[in-house]
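Pasting a structure here, questions to come.
Which chain is which? They are A, B, C and D, in the order written, and residues in each are numbered from 1.
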Amino acid sequence: MLALKDLSCERDNRLLFEGLSVTFGAGDIWHIDGPNGVGKTSLLRQITGVSRYHGGELRWRGRDVAECRYEFAQSLVYIGHTPGIKKALSARENLHHYCPAADTSALEGALAELGLYGFEDVPCFRLSAGQLRRVALARLALASEPFWVLDEPFTALDVHAIAALEQRLSAHAARGGCVVLTSHQPVNLPVQRLALGDYSVVPA
Amino acid sequence: MLALKDLSCERDNRLLFEGLSVTFGAGDIWHIDGPNGVGKTSLLRQITGVSRYHGGELRWRGRDVAECRYEFAQSLVYIGHTPGIKKALSARENLHHYCPAADTSALEGALAELGLYGFEDVPCFRLSAGQLRRVALARLALASEPFWVLDEPFTALDVHAIAALEQRLSAHAARGGCVVLTSHQPVNLPVQRLALGDYSVVPA
Amino acid sequence: MSVGLAQAMGLQFTQDWKLAVRSRSDWANPMIFFVLVITLLPLGIGPEVKQLAAIAPGMIWIVALLATLLSLDAMFRSDWDDGSLEQMLISPHPLPMLVLSKIAVHWLVTGLPLTLLSPLLGLMLSLPEAGYLPLIVSLFIGSACLSFIGAIGAALTVALRQGGLLISLIIMPFYVPVLIFGASAAMRAVQGFEYHGLLVMLGGFLALAVAGAPFAVAAALRISSEG
Amino acid sequence: MSVGLAQAMGLQFTQDWKLAVRSRSDWANPMIFFVLVITLLPLGIGPEVKQLAAIAPGMIWIVALLATLLSLDAMFRSDWDDGSLEQMLISPHPLPMLVLSKIAVHWLVTGLPLTLLSPLLGLMLSLPEAGYLPLIVSLFIGSACLSFIGAIGAALTVALRQGGLLISLIIMPFYVPVLIFGASAAMRAVQGFEYHGLLVMLGGFLALAVAGAPFAVAAALRISSEG
């Protein structure tokens, strides 16, 4: 789906990575790995278009991303380190903002899948860090977009939520979607690893 | 060292736990476990004295904690979810604030142990989440206090830092110290587990 | 989920409005500040009616400007902190349109309430009768100018760890003409002069700001989110 | 690491001072605000010297009070957000002493610079010569009162997600006497009256505040950190 060609990233005059070429294909789950501070989040910001200045090229389904921003943006779900959850709103309201087409039962189902049954209408500032993250991730159950980019999705989740999320990701890949994620923890899925720092693509 | 007797905690009119009795002894590493939102952090805040209103009793070396606050506080290191690292200061300055007696080489050694060699004088707002957490944890290498309370110390750490921290904790326990920690990830140490939610003490 | 532009703007507006209404400090702080300063004036400079009346239109305008200024930093701050801004940046919809909804909400919770409060404060400062209508009309148009212009400053400084009043240094050159035209309108009315031309000028400012500011804000947000 | 109380206070002061100096907005914002408002005054209310001079002492005092007020929310906010406050709460050293160091730093980066800037602003507002000394002395003592009293409000509201100007509602009853005594001192001096009694009163306020506020702040911080 998305091909990175010779991508490079500089921050504060420090070269984080360069010459990164890899293709994220349909059905793939990519685990971007590497030590703290190596530029994993910066890479995700470039891939998603949050940051638009970088060396190299990004091609979405064969076209330069800059020429098809609208199509690309319509195919993308990005859940970043700070995932855009409003603490003053409830889980239901947050989810509705990102998935306005979903009806009540679909919203509640998506929240229940990650163990948030009964927390639908609690304002999010009352939730713990793990619960907040799960509100953000509930979006994936309703997402029809094929390309998912997730920054540390497993952080602060308990065992049940991790299992539910892993199942959700593998189902998405099986349907022909593509997932790109970072994680400090090992991922219990048939992933392809991209190790930043030595720029190597480790075969699954 | 610290004995909890019939401890209970209420928040927002919801009873988080009650009737919790357990003794954290010298040489112990306690892993407090339980699903999101069950009150792990609230328990740590009660144990450390951040929060002082609770049902039940806390006894430090046989005396009620309220009667020996000074002795208890002198024996305690608490590294919370937000560990008191000032982003405008460097790693060295942050560490010096908590360990004023340590000299330059001791400070640098403590930082290097967690892979922060070369980052001593970088202002902390330039560091990643994992690096920030490591700045806070570097304190443990310099701590002469016997009683350590750590809230999710392994979050956002990479494999090397986790290994270094685990070694640090087991050395502390071997010297007769006591560690109480929460963690979503499994801990590679001979721990005693306290599962909140069902209040059970799981033998090591 | 593919939604149309109108629906996307509607969603953005609904969310911003809900947040603003629930966030007491967003709408309460400017009003508290406004009332506070006007209440302190007689305490600080003495309660002589003539003196107060002479400075009333100018003071009310200055305080409204300051109240707006102090509320600007919050315009994009929470979106920046919680990641909502990233989501706006990668939205398929044009960023200036989403921004427009945010500016509109900002004015609805700061400029509009200040305008509605102003007659009360005029009363407290013994503003002569002829001043009320021009004061209200000039604040109504002028405070919208302040929201639009201020949004550019807020977008430029959102990435700085310490924005604070830095915004004010950037946008003050653009605020000063609004202040002068607005305050003069009420002042001239009190003195019995013609003031409609000044209000027309303010209207012209507003038209320019509405047409240009959303694009400038969108560009500023993109710049802020690099690096 | 066991350290003495004096060393603990020294460490706290050093850290707070470093942070304040590096955090541009801490020391720059109150000054920007102060200068900004005084600069806007002639633009808003007209440049007549006599009118400006009449309101000068009162306006300078009001603006100094507002600048302090706006800086209060930051006093414990970052310590709360980054967990430093928890570390202070579990310190073996008495909390009121650590708090005292924070209040001192607050005054050094807000009240003191405002005091030093005040003659310049007096000049801009054509303050008569007799007003400068009482203005400076009253601001010097009075701004310290404002820091001590304000710290109590800041500590009480630090746990609220939206403190903002709520602080001002809590502490305004205690700020008003400081404002009245301070502004009157300069005003009376300009009019040729005796004003030393007012400064002595201000000094009395300060003594009370220094003795009581640290304990009240410590208690308020404990309350805020429950729940």
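The rule we apply is simple: contacts are C-beta pairs under 8 Å (C-beta built on N, C-alpha and C of every residue); 3 or more make two chains touch, one makes a residue touch a chain.
Just so it is clear, the model here is predicted, and its values are computed rather than measured.
S.K.: Count the C-beta pairs in contact for every pair of chains, then give the pair with the highest total.
M.R.: Maximum number of inter-chain contact pairs occurs for C-D.
S.K.: If I average the CA coordinates per chain, which chain comes out farthest from chain B?
M.R.: Following the centroid criterion, the farthest chain would be C.
S.K.: So how far apart, in whole Å, are chain A and chain D when each is placed at the average of its C-alpha atoms?
M.R.: Chain centroid spacing, chain A to chain D, equals 46 Å.
S.K.: Can you work out the whole-Å distance between the CA centroids of chain C and chain D?
M.R.: The separation of the two C-alpha centroids amounts to 27 Å.
S.K.: Using Cα averages as centroids, what's the distance between chain A and chain C in whole Å?
M.R.: 37
S.K.: So which bits of chain C are touching at least two other chains?
M.R.: 23
S.K.: Give me the residue numbers in chain B that touch at least two other chains, ranges are fine.
M.R.: 12, 81, 87
S.K.: Would you pull the chain B residues touching chain D in the complex into a rising list?
M.R.: 11-12, 45, 48-53, 69-70, 73-74, 76, 78, 80-89, 93, 97-102, 142-145
S.K.: Please give the residue numbers of chain C that touch chain D in the complex, ascending.
M.R.: 23-26, 28-29, 32-33, 36-37, 40-41, 43-46, 51, 54-55, 57-59, 61-62, 65-66, 70, 162-166, 168-169, 172, 176, 179-180, 183, 187
S.K.: Once bound in the complex, which stretches of chain A touch chain B?
M.R.: Going by the criterion above, the answer is residues 12, 35-37, 41, 81, 115, 126-131, 134, 152, 155-158, 160-161, 184-185.
S.K.: What residues on chain C touch chain A, complex-wise?
M.R.: That would be residues 1-3, 7, 11, 15, 18-19, 22-23, 78, 81-84, 86-87, 89-92, 222, 225-227 of chain C.
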